[in-house]
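Have a look at this one before I ask anything.
In this document, chain identifiers A, B, C, D, E and F correspond to the written order of the chains, with residue numbering beginning at 1 in each.
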Amino acid sequence: MATLLELAVGYALVCVLAAMLLCTLRLLAGPSAHDRVLALDTLWMCGMLLSLVLGIRYGSQVYFEAAMLIALLGFVSTVALTKFLMRGEIIE
Amino acid sequence: MTPLDHLLLAPVLLPLLCGAVLVPLTEGWHRLKFALGYASVLGMLASALALAALTDGGYWQHGIGVYLAANWAAPFGIALVADRLAALMLLLTALLALAALHFARLRWGRIGVHFHSLFQFLLMGINGAFLTHDLFNLFVFFEVMLAASYGLVLHGYNAERLRASMQYIAINLAASLLFLIGAALIYAAAGTLNMSDLAARMAGLAPGARGLFEIGATVLALAFLIKSAMWPLGFWLPTTYAAASPPVAAMLVLMTKVGAYAILRLWLLLFPQAGFGHDALLWGGMATIVFGAAGMLSSDNAGRLAGYGAVVSSGTLLAVIGYGQATLVAGALYYLAGSTLAIAAFLLLIELIERIRTPHASVLAVTLEAWAVEDKPDEPVGRGVPAAMAFLALSFAACAMVIAGLPPLSGFVAKFSLFHALLNPPQGTIAAAGWTLMALIIGSGLVSVLSMMRFGVRTFWANSGAAPPKLHRSEVLPVLFLLGLSVFMTVEAGSVFAWLDRASEGIHRPQDYIGRVLGQPVVPSPVPQPAAAEAP
Amino acid sequence: MPLLPTLVLLPFVGAFVALCMPGGSRTRPAAAAAIATLAALLLTIAQFGRIAGGEVLRMRAAWLPEAGLDLVWRMDGLAWLFSVIVLGIGLLVLVYARYYMSRDDPLARFFACMLAFMGSMLGVVLSGNLIQLVVFWELTSFTSFLLIGYWQQRNDARRGARMAFTVTTAGGLCLLAGMLILGHIAGSYELEAVLAAASRIQAHALYPAALVLIALGALTKSAQFPFHFWLPHAMAAPTPVSAYLHSATMVKAGVFLLMRLWPALSGTEAWTWLIGGAGLCTLLLGSFYAIFQHDMKGLLAYSTISHLGLITVLLGIGTPLSVIAAVFHTMNHAIFKASLFMAVGIVDHETGTRDMRILRGLGKAMPYTAALAVVASAAMAGVPLLNGFLSKEMFFAEAALVGGTEDWSLAVAATLMGIFSVAYSLRFIGVFFGPLAQDRLPRPAHTVHEPPRWMRFPVECLVVLCIAVGVLPQRTIGDVLAVAAHAVLGPGMPEYDLAIWHGVNLPLLMSGVALLGGCLFYVFLRRRANLRQRTDVPLLHRLKGAQAYENVMQWLSLGAAWLIRWTATRRLQPQFRILVVVLVAAPLLLARPLPDWPRLQLADFDPRFASLWLIGAACAVAAAWKAKYHRMAALVMVGGTGIATSISFLWLSAPDLALTQLMVETVTTVLILLGLRWLPLRRQPAALAGPAPASTQFRRGRDLLLALAGGLGLAALSHVVLTRPAGRSISDFYVLRALPEGGGANVVNVLLVDFRGFDTMGEITVLGVVALTVYALLRRFRPAPESVAIPLQQASDADPAVGQTPAQQAGSGYLMIAGVYMRALLPVMGLVAAYFFMRGHNLPGGGFVAGLIFATALIVQYMVAGTDWVENRLRLRPHRWIASGLGIACGTGLGAWLVGYPFLTSHTAHLTLPLLGEIHVPSAFLFDLGVFLAVVGATMLILVALAHQSLRSHRLPAGSGRAPAPSALPPTKEIQ
Amino acid sequence: MNWLGMHGLDQAPPWALGVAALLLVIGASIVLIGALGLLRLHTFYQRIHGPAITITLGTGSILLASMVVFTAAQSRPVVHELIIAVFLLMTAPVVSMLLMRAAVYRDLRARRLDAGVTAGGVYPAPPAGE
Amino acid sequence: MEAVIAIAIGVVFGAGIWLVLRPRSFQVLCGLMLMSYAVNLFIFIVGRLWIDRPPLTPAGSAPDPAALADPLPQALVLTAIVIGFATTALYLVVMIGSRGLTGTDHVDGREPEP
Amino acid sequence: MMRWLPYPFISLGLLVLWLLLNQTVAPAHLLLGAALGIAAPLLTRRLQPLGYPRLRTLAQFLALVRLLAMASVEVVRSCFSVCRIILFADYAGVNSQFIRVPLTLRDPHGLALLSCLINMTPGTVWVEILPERYELSLHVFDLHDVQWWIATIKNRYEQPLIDIFETEAPPHGDPA
């Protein structure tokens, strides 16, 4: 079982990183600005998951903090970007 | 640790606290702000004088005062070190700041907000850079100094200032990155950041680490050389000087010297014999002299003239440091102080001189428009008297004499002492570079004479219709003060040089620093430390 | 009071007093000046007894003992003689100037400059130290510059002053170099030591260099060929200045220097060729040029040049007798030339012109002055029974001796010069004879008459001296000459005879030839060569020193401009290019040995980590690609690199960095978006869509190369660093002590707040400073005209939210639902900020992260409902946050003082509370609180100051058009 | 390498490890599929549905896995991963609704009608010539 | 791992240099941001690469410096990050100020002569 | 009580959050968490124009739990269907459309919860409430039947939310 978990963690790491690569491709390809913003937001989410998986991988709580911070505040830059797209200014 | 030891901190803490107190005072309260800032500068002056006395008075062994911030022994915590050289630079800073601040009282301190806070933070950065003995802490103080200078250069918002600051900021941000790379490489090679500890570890470096260290030192030196405007890294300087407001430009002159100071200090500690990179410094410095001289000849604007004057002085300083002869250093320090004071005085004077060129009122109107200010600063209330003209002309002549190194003011004494040392080297033979350097210094002096004379003739003579300018006492006094210091340096050259010689001998003995800094004991804890705090 | 310094100081005191005199008065400044001069003169004369007794007066004051530089005042015979000339003629000129100068001129300045010059000249004469001499030497240049340019509104005065100053200062700098070398050879800068080291000096390898440099100094000052051109142009000065500086004193400084150093430098081949050669050329050229001048002062100027050449030749000849002749002629020339200048001044003063083509028959209008002038000219021409005759005879004698019996060239030259001087003297006195030219004078002829009594008095004195010396040389000045010559020659004084009649000998013959030849030559010129009308000098008209000078200045300026154009730039991009080149090249050139290049190891290649950086690097490159026309895309891409960076920090055991980087990413994005609002769109022009022109491609290629080189360099360095074994570093200490002594388990945080708390204090200061700068800048902010109008997005009516205020959007518009979340998140974020703050000392977190979280929480509220809405409910006062943050951090540090510890020493209070048990409160906690406050304050100030700009355009009146002028914007709202 | 031992997981009940592994595999796969959707779907309005599964089930599974693993390793209930879930519940909807709205009006403004904004007729095309 | 991070630093730094050499102020801003990422990473890796060894003193046992990541470069990077943020903000504001007053976003504040 | 603890649920939630964050129930943290939990909503009160949502009856609470449970199942179901479409479907045949859903619910908190449920359910995205007729604009990834969607949302999601957020508490109901 232990080996299975180890393998699963490895698989998860690869999957999340692959997902990040795919997000990056979308980020680079666009074509529209909101596509890029969506890709960036997803990249943040994947980053959060990556740190969770790393936390499992290394059995450490330290990684959790980063994940939590992304979960709580990662949306701020996305909201700012969308508001900029929508209104042309983020604080009116 | 005695109460007097705490004096080492005063030049950093006084402006920091004063600046912090001034922050909430955003608008109005001009008198209060000026009074607080002035008090802080006077305090700095007093502490600089006291440090000069302590370092020179045998109070500390070898004249080196060490302050272990946060009470951690030297290579681990951040040590502040005061020696005669640092005291000299602190004194110079305080004197210059006094003049610049006084000059800013009437007008520049009242335009916009936060001039006084930024000014204090600038002083904090400069003083910290002179005192700190830690490479990364030096970076931090550089940043404090630069950040404040960015704000101050922009002070009085107009298009020209913005253009100049874009360049100034971009270049200095890049320089800061170089500083970081250099410091990181040095840490990678030697495993420490304390300057004395670095000096102590130099001998034991493996060849690979040595190479890494030298790369780090080179990159670090580039950061310093950008600040001291060595050719071809200093093209930002004339533009920035010409654009900045006079009191700020006066302080910038000193900032140019911080880079040279850092190189002098570090190189004497780290490469006392080997003389790493000295040739590059020497030839670069000489190229800078040529460049600055050409710039002086080709500039038609007073600000740029002063800027190129600062480039020449910086080049001279760097070349002299690169020449690597111990007996030259006292003269170099004297030259540093003298040229800084004179160029600063000239930069202050420029604003007053500008008033001759066009009638004063229209200048004010035009610049007010350009500053885009809503609040009108107080009209200078001085009377337009012919004596004002005489004052301007004589002060200009004095500045020109010091900058060009003409007798009898301090510029001449400085150059003489450099020549004397160049011609009488301890080892007996004069290197070809020595002759070249001498020729360049003389030639640049002549070029300075020509350019300053051209400017002076155009301004004071060819402009016969000029009405006597309105000057205010608070604008005249700082200029007189700075020139008075030049005169003092000339008259008291003997005792000044005696002090500088002691300073120079001191910084040529790295072993003293290693012993004093690394040997400085921490204040023991009165009670044994309680059991280690619990970690989660 | 020590005598010699007093002597030098007296004129300066007089200058100061004269300067303080009120304008409009002629007498008062003149009197002040004259009194000072008279006092000094009497003091000097009173010393003659001691000097004649062979005594040398000395006075020493320490100045720069390290460099062997003392102020040494020294008066021997030569110095005494020159002092008397300087003071005596000075006094006469001052009296004369009182009448000559107009009431409208700024007289205080005139007399002050005259006296300052006099003091400097005395300084030169009385210096007993070579460097000190140079100091006063340059001062004479400077004061003479002021005097020549006295009539500053006149173009010729300014030009003359600049020329004179440039030439003499350049010479002065050469002189300084020469003196330094001389001092280096002699081992001392003291005059006496140098004079005593003559043989050592002349044997030294550097002797030629020193000689040339010193000669350059002397020759420029004494207007010797080829530097003579400045003197005629200096005649733009008021005539008293010319009488004083350009006949009697300043130009004599050069020959004085040659006399002074004669014992040390003379006697060599080089000396003779250099000094004698220059003197000879000058002597002939000067006298020839003088004939063809039309300005009386111009004639006198060239005559002066020629006479100085004579003295220089004498010194160059190098025999003791020639030195005596030189000293003698120096004296004589001063006397007659000063009187001639003053006479010209009288003519000018009375007639308003000095043009000899106009002036005629003045003898009738001013017979007395005419007589004086004729006598003085006769002295100049070397007519017997006048002083000029005696010294000229001595010169002829020496000239005849030089070549022995074979070479007569010098004698011929001397005679030729005699002929020329007779000719120009005749031309000079021509103005007094003939009929009065009524019509061409600038002033009515009947107003031309004798000058005031006291204006003529100085001329009378000098002419009397001419005659007295000429008739009774031994009686009048025999002693003085002997004393002065002795000071130069020392014990080697030869026998000489100052008698008028030496019998019929070669010199007398030469004199006769000169007198007769001169008269004939003059007549020839007037009859055949159209002397009075021609505008150029025959044969030599191509030799224009002044033109050469102007050309040199022109070339210098152009050359400098050229140099600056090619070696400097005012543009940013080239500066960065150079920086990158230097950054890559300098370490490669300087570092030895370069660190070994480690082998690339693929064993530790981690494809997962590699894919993370594939993302980061791709984003970075894409950002570089897009940043010009797609700013937002670039911003998003930079954000991608930021994600890779912060995850790397996390992965590589730096959780604190990861957290901080995360927060900084967020805040930076918000910040840049706030800024982008004010950066008008940059659209790719259709013209640029096709292939770029070759120049652009070259630029891009070059920049790409630079970017590659820089990137490669840093990559290589990184790899070298990473593959080296880690050495002994100070960081072990931190790991070991953080918990037991620093009281925190998170070593990074303990480093920040304790070990290196000083850094952190500086860092929050930087943050605060930047915030203040941003705030100050934005208060004056003038947006681009294109971006003043509300953004396009809000103008298009496709969106129903267009017309809503921010509060409406958040209250009932599209942001209502989102706003519910974002508002509910505020206390949560506050709590999380508190959490990260509290645990920072032991686990990742700390004041920075907490501060950024808290600031973000507030900014989110701004984004929801707009600035006005938030600020009506919340007074933030970020300035106070910054101030109190800095204050608390600093105050915590200072708290350690109270218990006798250094600044920032941390202490942990161990409190045992009921119910809660033991609590550790480290003082570092308080420090971190300061960090927190400062970070919140600074971040908020920056963001809010930017956000406030939007209010300005929203406050514009509705119908004000789409793009109002930036200046019409309402002022920025105050931040509270 | 026995990394499980280092973190005290060797004492954990095997079924817990198995559940955790399963959750991880499911979660990670969903994340990858979501990203694939983001990359491959044709219009933005479709693409935005890809990451939705990442945030919901993908994250949920991995969070559960984390809880299980740490609970097993530390032999005490470790549930603070719930915080992340709560935070995501409060932030993810904001992101998707604002992003969607931004896309809709940007497309309408730019008259990019082929991007799918008019599908369903909720948003009619704005009159031309604006 | 070492090679990867080294190359990454190089690429990001190179992209930053490229941008810094561009004429538009926003490009320079992005360039400076990228360069500071690279430099921060560079300082960081000076402490070598450590995985799962954050410099947190373990509870209950004496810390082993050889088993924990080097904390000093991390502290330096933290300072550098914050200062970098501050300077980015400053450059941004100067950039928009200059665009407003000079009418161009060229770094020199004036369009180059064609 | 109401003065010093106006938002007991929020305060409790924050306390729980604090304890979860710190992973402890030590008295010191209980005290600190309680203090922060009480202070935070008080300090931010002025920035909360709508106040905080309140649950008044146990029935409402139970209804909320039921709703959430039902939604969770729906989330998992939709998740797999979206996965299926992404992996296997022919994208050209996917019928992605906007639809209008008329809303009765007016309480912002209720709407917020509704938006949360809809957005967390893969395959649907809340766009906005169209102002003119108070209709929800909803984007559906793979639309088969508009009416089914409208009915589902109105019955299964909106109605419980109306019960929870827009029903006044009975005068003597047990306080939850």
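Just so we're on the same page, contacts are C-beta pairs under 8 Å (C-beta built on N, C-alpha and C of every residue); 3 or more make two chains touch, one makes a residue touch a chain.
Owing to the predicted nature of the structure, the values given are computational and were not obtained by experimental measurement.
Considering every other chain in turn, the ones in contact with both chain B and chain E prove to be C. Taking the mean of all protein Cα atoms as the centre, the chain whose own Cα mean lies nearest is B. With centres defined by CA atoms alone, the chain at the far end from chain A is C. Chain B and chain C have Cα centroids separated by 17 Å. Distance between chain centres (mean CA atoms), chain A to chain B: 48 Å. Centres computed as Cα averages put chain A at a distance of 9 Å from chain D. Centre-to-centre separation between chain B and chain F, using Cα means, comes to 62 Å. For chain B, the set of residues touching two or more other chains reads 136, 140, 143, 147, 150, 154, 157, 166-167, 170, 174, 181, 185, 187-188, 193, 534-536. Of all residues in chain C, those touching 2 or more other chains are 570, 572, 576, 651, 655, 714, 717, 721, 726, 729-731, 734, 739, 745, 755-756, 759, 763, 766, 769-770, 773, 777, 780, 782, 793, 799, 814, 817-818, 821-822, 824-825, 828, 832, 839, 842-844, 946, listed in ascending order. Looking at chain D, one finds that residues 34, 36, 48, 50, 55, 80, 83, 87, 90-94, 97-98, 101, 105 touch two or more other chains. In this structure, the chains touch in the following pairs: A-C, A-D, A-E, B-C, B-E, C-D, C-E, C-F, D-F.
Chain D makes touch with chain A in their complex at residues 3-4, 6-10, 14-15, 17-18, 20-22, 24-25, 27-29, 31-32, 34-36, 38-39, 44, 47-48, 50-51, 54-55, 58-59, 62-63, 65-66, 69-70, 73, 80-81, 83-84, 87-88, 91-92, 94-95, 98-99, 101-103, 105-107, 112, 115.
Considering their complex, residues 87, 90-91, 93-94, 97-98, 101, 105, 108-109, 126, 130 of chain D touch chain C. By the touch rule above, chain B contacts chain E in their complex via residues 136, 140, 143, 147, 150, 154, 157-159, 162-163, 165-167, 169-170, 173-174, 176-177, 180-181, 183-185, 187-188, 193, 534-536. If you check the complex, the residues on chain E that touch chain B are 20, 25, 28, 32, 35-36, 39-40, 42-43, 46, 56-60, 72-73, 76, 79-80, 83, 86-87, 90-91, 94-95, 97-98, 101-102, 107-110. In the complex of the two chains, the chain C residues touching chain F come out as 800, 811, 813-814, 816-817, 820-821, 823-824, 826-828, 830-832, 834-835, 838-839, 861, 870, 873-874, 915-917, 919.
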